[in-house]
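Two complexes are shown next, each including subunit A; its partner changes from subunit B in the first to subunit C in the second.
Right after this comes the complex of A and B.
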């Protein structure tokens, strides 16, 4: 392949831009519906009420903002962890069963995905509330009730359920490409099942874990409805504060600054995580 | 014959005079036949049965004037601000919360020309510089009758007293602070709401904070209703409409009416609407006796035309707030204080709502 590279005909080289032309509608859409509004947010965060950094100074000088920012990341991390733990065996099961059962398993993931987020969150209210299904079962079994609704635990449970498909699907797509003969080979060379899993299967599946974790974590950071309905004051996330600033106080600048802080912090975290992920990728790709 | 002619002429002159008078002096609920033919008005409100009721109340106006009425919503002041700033205002009449028309009077909402509206039947003190009331309701203290039995809470002071009245409290956490509740809390802290200062907002919020970690801040009216129906909160701060529905659905709760907090929605005309007079015509029709009766019958909110006699059943009328007795028990918030301090109060309230 590499030897033939210099001999690519000129005509073919000229055609190389074509894939980009195909991507043009998506690019235009992204620029129009994400790029432009994002730019507006950045500009307004710096220009309202006057040009300057006042909105950012305000953000970092109010303790509640920082506490909520930190809480937003902590909750998102918990949600990611819960999703990994629940999704990993599930995705593995999807690779191990026949096509019929796999379809069924896939439907189980996708059907809740097609139901509106508000409806799903409200069903969680019914399940989690003090007089709800879970607590009635616990009480009828002789256990005391647990406070689930309006707690951070309740928020994490609700969010993890909403975000689970985003973890299962990338995991499954990576896992189905893993050659199970490699695990068999490890076993035949004398590795115990746990050893074969840890040294062969797990590293090969890690790209899926990372991909899913990044998607879930980033989506979780921006959650609004679920923490609002399932949480109490101690599980308020940043989006709720943004909403108060913009919709109630008409402080677009401050709301914008909060959004930018969240975005930048996310980028920084991803940049920090990227080298780890890349080296793992290489390891995993090694034969 | 001549006599008859004279009679008819007399009537004609009288009619003409009335018509001229009507033109110069509007009567609530009336609109000239076909006067808005070909025009379109957009009413913005909060959706649900409330906005359906408003549309029903305005049906007569629509049929008679020939206007095409569009409904939009929910009301968001930020959206309205964006419209006013861009000079493209598509909302002609906007139903808002209590305070915004006072906070943004002249900036987002037009100062009303009261020669174009008949405000004579609106309860005293409810016409603002930029708003007329859309309806009245109350924020009321509801308590669980099975929990408190013979020793029920009687006032907001009892609501804030967890020693004498143990139990879970539910408070409106839907967004903005309720001025009246903070004033009642400030009273508990030993202050005088009439002489409240900005620093006192903290004292009032502290009283709410002291209710403890079990306190539930409900996010939506539906949630407050659900808290009553499931019995999860022992004392609830509730909107009268939701309180009524909860009781109708079997919640074992009853109101303590003393110092119920008077609240209302406001009707406004945004700055920069395309046809101001058409918006005025809608408002004036909305204030009419018949329109208000329909609104009250459909939504169970209290009408703001004092002549209105809505036909409602006992469960609804128990929660209407316009009877002389209720009017005496009602507590009106200190508007003069909250309007300039709205932003400060909101920030402090949001901090409480975010677990601080």
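Right after this comes the complex of A and C.
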């Protein structure tokens, strides 16, 4: 970038601090309102009631904590799976239709972004509750009611709807770039449509699946509002447990330790996914 | 890719279902808001405006709404100014430090909400910021900042820096160049950043739930409390109002954008 501009080294050196000065206010706020609080939580998890790893030992030795940790992963995995299955055909259709229908499909994806998250969860409460829309429709059709609210199924349905756009958008951006001539080439060489899809199109679209799945899984791990309103005691996720420890039991050390586990898991997953995502960007940037 | 007719129909059907799943659930709040009974059970009975009335007259609801408006307006301005400055700074840095700082500034998007919430709550308890306007503004600003940064950075990437050089060579100082050349050209990014920042703050719930107190509640906190406490259809009325407001805003924005595009071409 700057190599193409004719610059005088001395003037450049004098001007080099300017960009940092521009970013400084945001950076200071970031360190004060994110960095310092997170540090506080780490310190408290190690120091309350006394210094040591007791809170972490407690977390990993009490069966119910491990059960909730496992459930958090299972629910997130289910949500990710539902999102992949629903988003894949949807994103594919977006690349296959004309501009007008594409705009309509895109609007359907973006509308959930615009509607308040709490209101959306409220809608799911109204839909899924025992006296809700789904159950009253089932009853009027002559079926018995099903229990959806306060179950894991209800939580997965609600979370997947909230997170689906995060799956569709990266998938669409990858699929848009796939050269369909490659599929045609496979067909002209005698591959049946299903084989051409499985051996050519699917592998080319996998980076999008991967990127979307990582985002959805990470966001799902930290979900709080939807499980709190749609779930019951048997679908508690880690976030709710953290909240109970801190607000109800005033166990900052234990709550903090759980929070740190959640935080570290998130960043480890991100770090594992980063190299793959970066290579995807490089590919996309190639003309 | 060619498909058999049956595959094509199946694909269309699946996508229709997904589209309905994405859009329709939210609309359920509309019929519920006119319920005559104090219940969220389906189907609603009768017709009444009483829950809209309650929203306007009950101070619990109207105050939380005004608080949200106040916080979100301040946050939108502060986050947009800080985010735009940072986007400029990052744009003019060398690639390596810029990427590092950008990653750092986007962390609020991936840190699990509850972890951030207990951290901020702990610090606010020590600094007496719980339930204060400043506390809400600080926390929401940091959550809104990534959206401004992304929006403005995207605009800066396609911005031709030679225009600034041209302005400078014609004798404009840095401030005049920024005001008359750069800002008008990146205005769409700044505006969408402003809108995203407002929406982020207006909708923020997880951190707000922790740093709220009876004296300062925002609308999402009030909605959450109402859902967990009783089946008050006022939440459905609020949901309907928010739904209409966003639809009008987005619809108006798209019309405006469409007209501008047409005018430009």
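The criterion applied here is as follows: the second predicted complex is superposed on the first by the 227 of 287 C-alpha atoms of A that agree within 3 Å, B and C clash if a C-alpha of one lies under 4 Å from a C-alpha of the other, contacts with A are read in each partner's own complex, and residues count from 1 in each chain.
Here is the rule we go by: contacts are C-beta pairs under 8 Å (C-beta built on N, C-alpha and C of every residue); 3 or more make two chains touch, one makes a residue touch a chain.
All values reported here derive from a predicted model rather than from experimental measurement.
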Determine, under the contact definition given at the top, whether A:236 touches first (subunit B), second (subunit C), both, or neither. first
With the two complexes superposed on chain A, say which partner A:45 touches: subunit B (first), subunit C (second), both, or neither. neither
Touching A:80, do we find subunit B (first), subunit C (second), both, or neither? neither
Once the structures are superposed on A, label A:250 by its partner contacts, choosing first (subunit B), second (subunit C), both or neither. first
Determine, under the contact definition given at the top, whether A:150 touches first (subunit B), second (subunit C), both, or neither. first
Per the contact definition in the header, classify A:63: touching subunit B only (first), subunit C only (second), both, or neither. first
Let me test your reading of the model: by the given contact rule, A:197 touches which partner, first (subunit B), second (subunit C), both or neither? second
Please determine whether it is subunit B or subunit C that touches the greater number of subunit A residues. C
Tell me which partner A:226 touches in the superposition: subunit B (first), subunit C (second), both or neither. neither
After superposition on the shared chain, which partner residues are touched by A:36: those of subunit B (first), subunit C (second), both, or neither? second
With the touch criterion stated at the top, can you tell me which subunit A residues are shared between the subunit B interface and the subunit C interface? 125, 129, 131, 228-229, 246-247, 252
List the residues on subunit A that touch subunit C in their complex, please. 2, 5, 18-27, 29-30, 32-34, 36-38, 40-41, 44, 86-87, 89-90, 92-93, 96, 105, 108-109, 111-112, 114-127, 129, 131-133, 136, 161, 164-165, 180, 183, 187, 193, 196-197, 201, 218, 221-222, 224-225, 228-229, 239, 242-243, 246-247, 252, 255-256, 259-260, 262-263, 266-267, 270
Residues of subunit B touching subunit A in their complex? 76-78, 81, 173, 175-176, 213, 216-217, 219, 223, 226, 230-232, 343, 346-347, 350-356
Applying the document's contact rule, which stretches of subunit A touch subunit B when the two form their complex? 63-64, 67-68, 71, 125, 129-131, 150, 228-229, 232-236, 240-241, 244, 246-250, 252
The subunit C residues in contact with subunit A across the complex are 1-4, 7, 11-12, 14-15, 18-19, 21-23, 25-29, 32, 40-43, 82-83, 85-86, 88-94, 101, 104-105, 107-108, 110-123, 138-139, 141-142, 145, 149, 161, 165, 199, 202-203, 205-206, 210, 220, 223-224, 227-228, 235-236, 238-239, 242-243, 246, 250
